[in-house]
């Protein structure tokens, strides 16, 4: 039986963009997501506007997610992953597993009554982060007393719309779709792997993603240790990019580092900001103006530091080679931000096995050939976004729309071939 | 109740930011009254003057960030109109009550709250 | 079309000081198109007046009306009952509109709220420039369609003067193009440069009887 | 006669706990025109909506106010509820008493909630019904340009069943694909033959647009070809006019050569170097080659891409010594870091300097001096050939094309304003799209993505042949309009045109297809002739009236 609908795996910005384009073109879309909330990493990025918009597209992500969640043609399945795939282009059968979601996102109205009555500390049922869509409460099995054998259902009683349900088991479902768009996104490079930089040991060493989430949730930057405003900040580029394990430039770190630096300088002009870099990537539409404006006020040092030590006073001492003087220097900073790059998903290997698509040598999914941008070696399965390689938000959206376009073209062709004309 | 602040909120940026501020239970003064408009460029000088005539303590126009307006020139036009409005008020020596424009994006609830707090501070200082 | 500019607020407030109830009357044609006296400007001016007077503690009641053209007796006639209710009329029309209103309602004082400035056209959105001085003796055909009486700062008939700046700019205002340089270039393009050699005797402005009267032939 | 208004309050299942709903219901009942007020706790669930429909039908209510959560998520659901109850979906006004009232203030906020409802009631009283209608659109697409992007767009559009016209100002298709051929082994010939054989594509060569009018779904384009002019109608226009490169030689201060004139020396562009590589009959193969990029233009990726590919090709073909002078190597495109490493492994020397190098001439060879950052001292190199830095610029003719279509360009002159809501391929005018080099410097991966994206966007707009619009949402009243052209100049989406109405009078007409409902024209119209349904001046002023203790 010829199926016209499409399965989009992963609801990051490129998955959402593909789903929206197909839905607006009348195709019915299954959008599955392994987490409880839609949006992936880019949903938690902050707006980096100073007196003018710094073109980071975080608000476009916000708008598109909102549009996708309420779109009638898109069936959203959170907490679900692919188990098995069979069939071929135009007639795929996909088996999906739903992890039990104890709070039904349709019913939950985020009133917070359950959190008030919950006896555990930290609370087992809590409000999602600011950027979460659907904005429904999350129940953590690890903390909840009921999953430790106790008969506690205080939250179940207090819930006005009966959204909480404990006796849920993982359930399976089979979908028949015409094409599949893989938009599983990326893993943020774990900065702990670079032990000498002290991420995870020193609280004032953050990653780029941490800084984004601080601005999204608090709106301004305070030192994690003492809550004061940092006076002296360092950004270290190429963490987990352009090194032995990652033979590629993650394309996003220089841009988000400079835009965050611009935001910090705008909020507090006398903060000193230093960016340690290998090659400054100042490309992209609209970035020339931004770079001209902040070129003078940010100190750029060529060369990536190797070690960060925390002195007794809590200040971070960064050891780096100052190339212009040709000797090793030590500078003190209140805060160090490691601009972590984009790495392939840890579980991309077993998804590739299920779908039968190849992995490229750098760990991302492989394109069919150098002249195609979404097709994979399996007809009918397309790649969208950072699962195929590092991209920034506008490129991920464009890549998602392109994947939708290719899926739609292939469906149109296979349908006409079947009709024999 | 020392009079209300009337805020014309663009439905692409300021209105969703106000909703997000609500979801995060961020608090701001109660005397704010939000009027939803399709774009900051829809707000006309007469709307602001009529609000002031009705006794508003201050009038806010909240639009998208400069350069990120869904309708390209909506927020710049609004900025011009607010400037023109302030000039009109100065002509009649009624410039004790602020008319201000703020730019923000839909995922910046903190900017919405700080805009409202800033205007409330200005009103208190001018002793309205 | 006729271009006008709103009078400074100080003047209008003084004119309206003695009155408690006034009619603010706008005109829907020329002054509306140049954003000086249309329906929108009527509302803004009325609102300003009410704000100013309530700040001074002596309220003013304003009636607002805008007719299609204030220089037509039949159209201004429609305001008859509104004018009856008020003590004075503040008209945002050009000079001829204000006088038509004053003629029809002689018992009530009529005050202009705009200064009628010139006959002109929009250079770009929001910027109007003077094009014609209504001298009554048009000789645009011989100056390539550019009027030196109005667009040359000195109104020379046989320009350009000796002070033209580099780039064909006017001696008096470096921003403005010298009208005669523009005339020269256009005539050059049309191959009618011999017109520049002609001598134009001064126009006899006194001969034009004021006020002008034109009786159409096919009445 | 006052319309009968029904107000539906929702306490959100108890989540809204700082509003005294009983007092609120009493106060709301007293508002003029309100015939029934109901309180429920689950308006957004199926049960609540059923009750609402039966109440609207029962009390034959003509206007509905819903005081509950934010309209962002629920407004379209309540519009469907009204339609099910037989009421026009537009006669609804929402009061946000949850996110913008109960959740953001502590203490009792009943007073504010009642006032928000009063504002919604005042507005709903003036709302007028609006019809939806499907307007027909022309399904033909005009693709301007004849290079890689344009031809591939036409091929993919024909695959989804849309007819395209390729407009190429040169005599032949396939211009500007030299780099693609040499770097990726792309075969331009097969692309051109595929275009010629495709019955959905009509090719007009050595043709140019002279005039564009109309709007999305109905563009009328005048095309000049060999002296003759034809007028054609299109539904959408895609610009794929590509880019051009220009040597940064004459514009570069530091490239002033002291002593010998530099014109005699062997300074070439990347394209010329590509051709040198191509032709085997070169008399003297250059022994040392210098490359330069990223000094006068730090925003382009293209110079790095072409330099790395040419350097590698030269190394393999002639084995000559290659020195690259640059400030930062732009590797933020797919596969660029791999190329950069491959070049270094092959022995290409990269010298990074902050200041641009000084070019001088020395007995017939090009001398380059630059202070290398890592060595910390001046490097002086004499080389046979210097591939000078190139500026990546919009194709010539971009200037008059953008004035022809009256669309905005970005700060470097490329098409597409730097507004994130237009990305990836849109413009501020619906139905006009840009792809490839004409909207910025894009590497091959991004160009391919652009092509497929524009195919999707055009398919979405045109393939069904009709677009559903709200009829006369923003309308200019012909009686009041004095055709002062202000709205036409102000409209950011070019949706307003002058049309002749009943014979002589010309008035402004707002096209429902092109209008994006922003209301800028309604605010600026001097004669207040433009009405924006739902946000008319009366409706906004009525909300201000409702604010009590101002």
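We call the chains A, B, C and D, going by the order they appear; numbering starts again at 1 in every chain.
The rule we apply is simple: a contact is a pair of C-beta atoms (placed from the backbone, for glycine too) under 8 Å apart; a residue touches a chain by one contact, two chains touch by 3 or more.
Bear in mind that the values here come from a model prediction, so they are computed numbers and not experimental data.
> Select, from A-D and C-D, the pair of chains that is joined by more C-beta pairs in contact.
Pair with the higher count of C-beta contacts: A-D.
> Most central chain by CA mean?
When every chain is reduced to its C-alpha mean, the one closest to the whole-protein mean is D.
> Just how far, in Å, is the C-alpha centre of chain D from the one of chain A?
Distance between chain centres, rounded to whole Å: 24 Å.
> Averaging only over C-alpha atoms, locate the centres of chain C and chain D and give their separation in whole Å.
Roughly 42 Å separates the two chain centres.
> How many angstrom between the C-alpha centroids of chain B and chain A?
The separation of the two C-alpha centroids amounts to 33 Å.
> Please work out the Cα centroid separation of chain B and chain D, and write it as a whole number of Å.
Roughly 28 Å, centre to centre.
> Out of chain A, which residues touch more than one other chain, so two or more?
Residue numbers touching two or more other chains: 53, 55, 59, 66, 110.
> Chain D: which residues touch two or more other chains?
72, 418, 420-421, 490
> Which chain B residues touch at least two other chains?
16, 23, 44, 46, 50, 67-68
> Which of line, ring, star, complete or other matches the graph of chains that touch?
Looks like something else, not a line, ring, star or complete graph.
> Throw together a list of every chain pair that touches.
A-B, A-D, B-C, B-D, C-D
> So in the complex, the part of chain D that touches chain C is made up of which residues?
480, 482, 484-486, 489-490, 525-528
> If you look only at chain D, which of its residues touch chain B in the complex?
70-72, 96, 98-100, 103-107, 109, 112, 115-116, 119, 408, 417-421, 428, 490, 492-493, 516-520, 522-524, 532, 535, 537, 540-541, 543-545, 547, 549-550
> Which of the residues in chain B end up touching chain C in this complex?
Going through chain B, the ones touching chain C are 44-46, 49-50, 52-53, 88-89, 91-94.
> What part of chain C is in contact with chain D in the complex they form?
Those in contact with chain D are residues 28-29, 32-33, 35, 38-41, 122, 124-125.
> Could you please specify the touching residues of chain B with respect to chain D in the complex?
1, 3-4, 6, 15-16, 18-19, 21-23, 25-28, 30, 33-39, 41-44, 46-47, 50-51, 54-57, 67-74, 77, 81
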